[in-house]
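Take a look at the following structure, please.
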């Protein structure tokens, strides 16, 4: 294991300290429980937005805290959902009476920990609503499993809802918006190499020199299928077609019920992409893949979208949701409209996503 | 070799195409010869700034083209200085009569190719001046060699001079500024793994599981010394002390002479850092090191600077100058003052560095 | 009778066992999940163990509840909630007790199981720790019916948990991270079921 | 006498040789540099070769100059400038010629060498292609003085280049990327010197 770290058990904390030191004008760190929050929190007259998940995916989520995006992010241990107390304390610190929207990726650990936080917060005087992201078409047989995982659409949801909160949206409107963003996005990823959890010290899986894992998650878990290594154009085609050819995705998705403080399954459908759709396109590196390669992927994605009649109106290319030092990439497409594009364009100032300010 | 690419010989071109497609509002690509330039070039009433170097270091330089930074960037083949015709055509396209500042990293190939471009441009009607960056303290025995290489300070020089050009600085003032920035910065790097040139397909060097290369360059070349692997704090200490303890660095540095269109050696000195200095701090990842680890390094760098009485007034943490998928990092410190800090803060809008716009 | 001292001994033992099996559990998780289960469980139980002196004066219910709360805030992931819930629910039905009879043990195992099922929604056969816990609960009850004493019944429960744990190897995961692998999850033993077995085994060893 | 056809044959041969030795040259560069010398040289000479038909009607000087210009814009790095300069300078002193006598060859080698030295500032002993080129120039001149014909003299030059190339192994690099390695550059043969040797060898083989 070749990593820039000290003791594995200090990795999350020290990294968090580094972020807070490097971006002290934007964010502050809280320890025990661990979370990062806007330096100017609580921001009055807006709904607070929080998120969280395992560490090892940086910049997500800690790099997205700041004006126009998240009010707080709760990093768990590496690849480990945060605990209820982190979420609870973060929500209490950043809210200012307008309520808290909590954006949760659909993994059983995250779902359960955010649920417990929601239960614990029910005695507080502010509203707290969890919304799930489940956009990973790499998960097959969604009905007999935990359903699709939350990946690339999370970044869109955090940016778009963050802008909307800044823009004055109410909690109810933000919840509607966030669910709509989730139903508009699809992702699919590939790993060219494994990654090594610091505390474990050995690669999570072994991959031959001419193999790749397709349909992976972001926690170093293996994908649905191991395939022979392909060139960038073929990989891009494989990933984008999984997304653009994905039929209507009907499923029972847990929706947060404020009354009972629990998840209630609701039938929802993600409509398939169709010619004429405008999309936000996202080519995400897994941490160990250099930027130049991601642009090679974007080049082909652009071509495929054009052939399919999908108009890319905005794009994001870079390492935003990583799996430690894994090599590989994710592609995400999000059907957009004037409202979403406007919100995407609004100013944002976080350690890792910044424009307009 | 596990890479997202098609034919190795198409890598640079396809990546460039991807950048131009993803950031079409900001940059355009020119092929044969290859360069990337501001979408709104030539920008009147300002000096044009160009740079270039081998590919494989992305985002440097192509990710730094845009308002407030470079007018054009000339990418060579992987780890190969650009050729004179690239530089020549780029300069001719982006200049608008106010002259061209060309920022060159001190490698023999770059120095010679930019020199030839300068010679060829001498018959043009606009002024063209090369300025060298030589900030890598990892190079020892500077007098008997090519001297120190150009690394992290290049990003500072491009941003600061880019802002100054936008701010109305004349070519002569920009040349003075750029040389001053160069004399104010020092860098030092470490590799935890090698990298693989796509066309070669095998790692440039082999590194044992418990070894690291110290004092590396950015082309996958080995460093001055192979050492046993250390933890992040010790590595950070090793790198930062090489920088902060570096005594006055006197050398003959080639300075561009417009009259003769050639380099003339001039004696210059980089003063050592001293308590009370304000600095810009830069922790740069080599491409395969995840962001979270860079923040662990930044945390320790911050502590060391505080102990040394160096006040970090601005920081940059991320993968900005890479060596393909190499793991490791570079640290750069640049002594700053009100002028440099103001210029660093001015708005910039490029694919990979953006704020204020 | 299981005394409070034995409960405390159990939790200490569990912490040691988790530490000893950290790598194995992590390897099991690497095969079907994200490769951190053992690391997280060991960290959580370590914290429980070092917290024990400060709760030594409390009743068994409080000790189990605070054990659950610590696991909940020190483990994270699915494992943290599931094992945290198990102990919290077990603590609720043993509130105020300084020692537990076999019926109390039966009640606390059952409460733990139903808490876990309520929290995570996993059924027997979904390839989770429920596949070790549910048969253990049944075996414990049956042994008592057959006239066994607490220790014997616990022995039967541990044996049943072991069988359940081993049999997860042949199942397709339906819950948790392993479910993403679909058919590829076959052939690998579930890490959470393994942890549950180790924890029950530690209880048996402590009494 | 070296005819224009032989010059063209030389350049074609050089392209083949560079292609054949691409990996070796790249490995040499990986040891002391950045691991792309062979790739770049092969690409440059490939382009020269495919450009030859369009300059077949021109004189030797023009052919050599355009060879240099192509290398300059197709190789990049130090290698591109150095080898490009060698051919451009060689072309300048053979301007207008349809064939070259031994004295012309001596002149063009010398012009190439001094162009390279002027451009790159490397001296003999700095562990660059100059360490192969300079002794070759000297050997060529000396052979002529000793009464050898062009082919014999070229044979001597190639032999001297080979010795020079081999001896770079023991030198500490003072110029180019290898110089950053300091003492660590000892024990490795210089890639540029190797290319120069291969190019001269191709000239010998062509005449």
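Which chain is which? They are A, B, C and D, in the order written, and residues in each are numbered from 1.
Just so we're on the same page, a residue touches a chain if its C-beta (ideal position, glycine included) is under 8 Å from a C-beta of that chain, and two chains touch if they have at least 3 such contacts.
Since we're looking at a predicted model, the values are computed, not measured.
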| item | value |
| --- | --- |
| Touching chain B and also chain D, the following chains | none |
| Minimum number of chain-to-chain touching steps separating chain A from chain D | 2 |
| Centroid distance [mean C-alpha coordinates] between chain C and chain B, Å | 55 |
| Distance from the mean Cα position of chain C to that of chain A, given in whole angstrom | 31 |
| Centre-to-centre distance between chain D and chain C (centres being mean Cα positions), rounded to whole Å | 74 |
| For chain D, residues contacting two or more additional chains | none |
| Chain contact graph, described as a line, ring, star, complete graph or other shape | line |
| Contacting chain pairs - touch in the sense defined above | A-B, A-C, B-D |
| Touching residues on chain B, where the partner in the complex is chain A | 2-7, 11, 14-19, 21-23, 55-56, 58-59, 63, 192-193, 209, 212, 229, 231-233, 235, 287-299, 302, 315, 317-319, 322, 324-325, 327-329, 349, 352, 354-357 |
| Contact set on chain B toward chain D in their complex | 9, 33, 54, 76-86, 107-109, 112-113, 116, 138-141, 144-146, 149, 197, 199-200, 202, 204-205, 217, 219-224 |
| Residues of chain D touching chain B in the complex | 23, 26, 30-36, 39-40, 43, 72-82, 119-120, 173-177, 179-182, 184 |
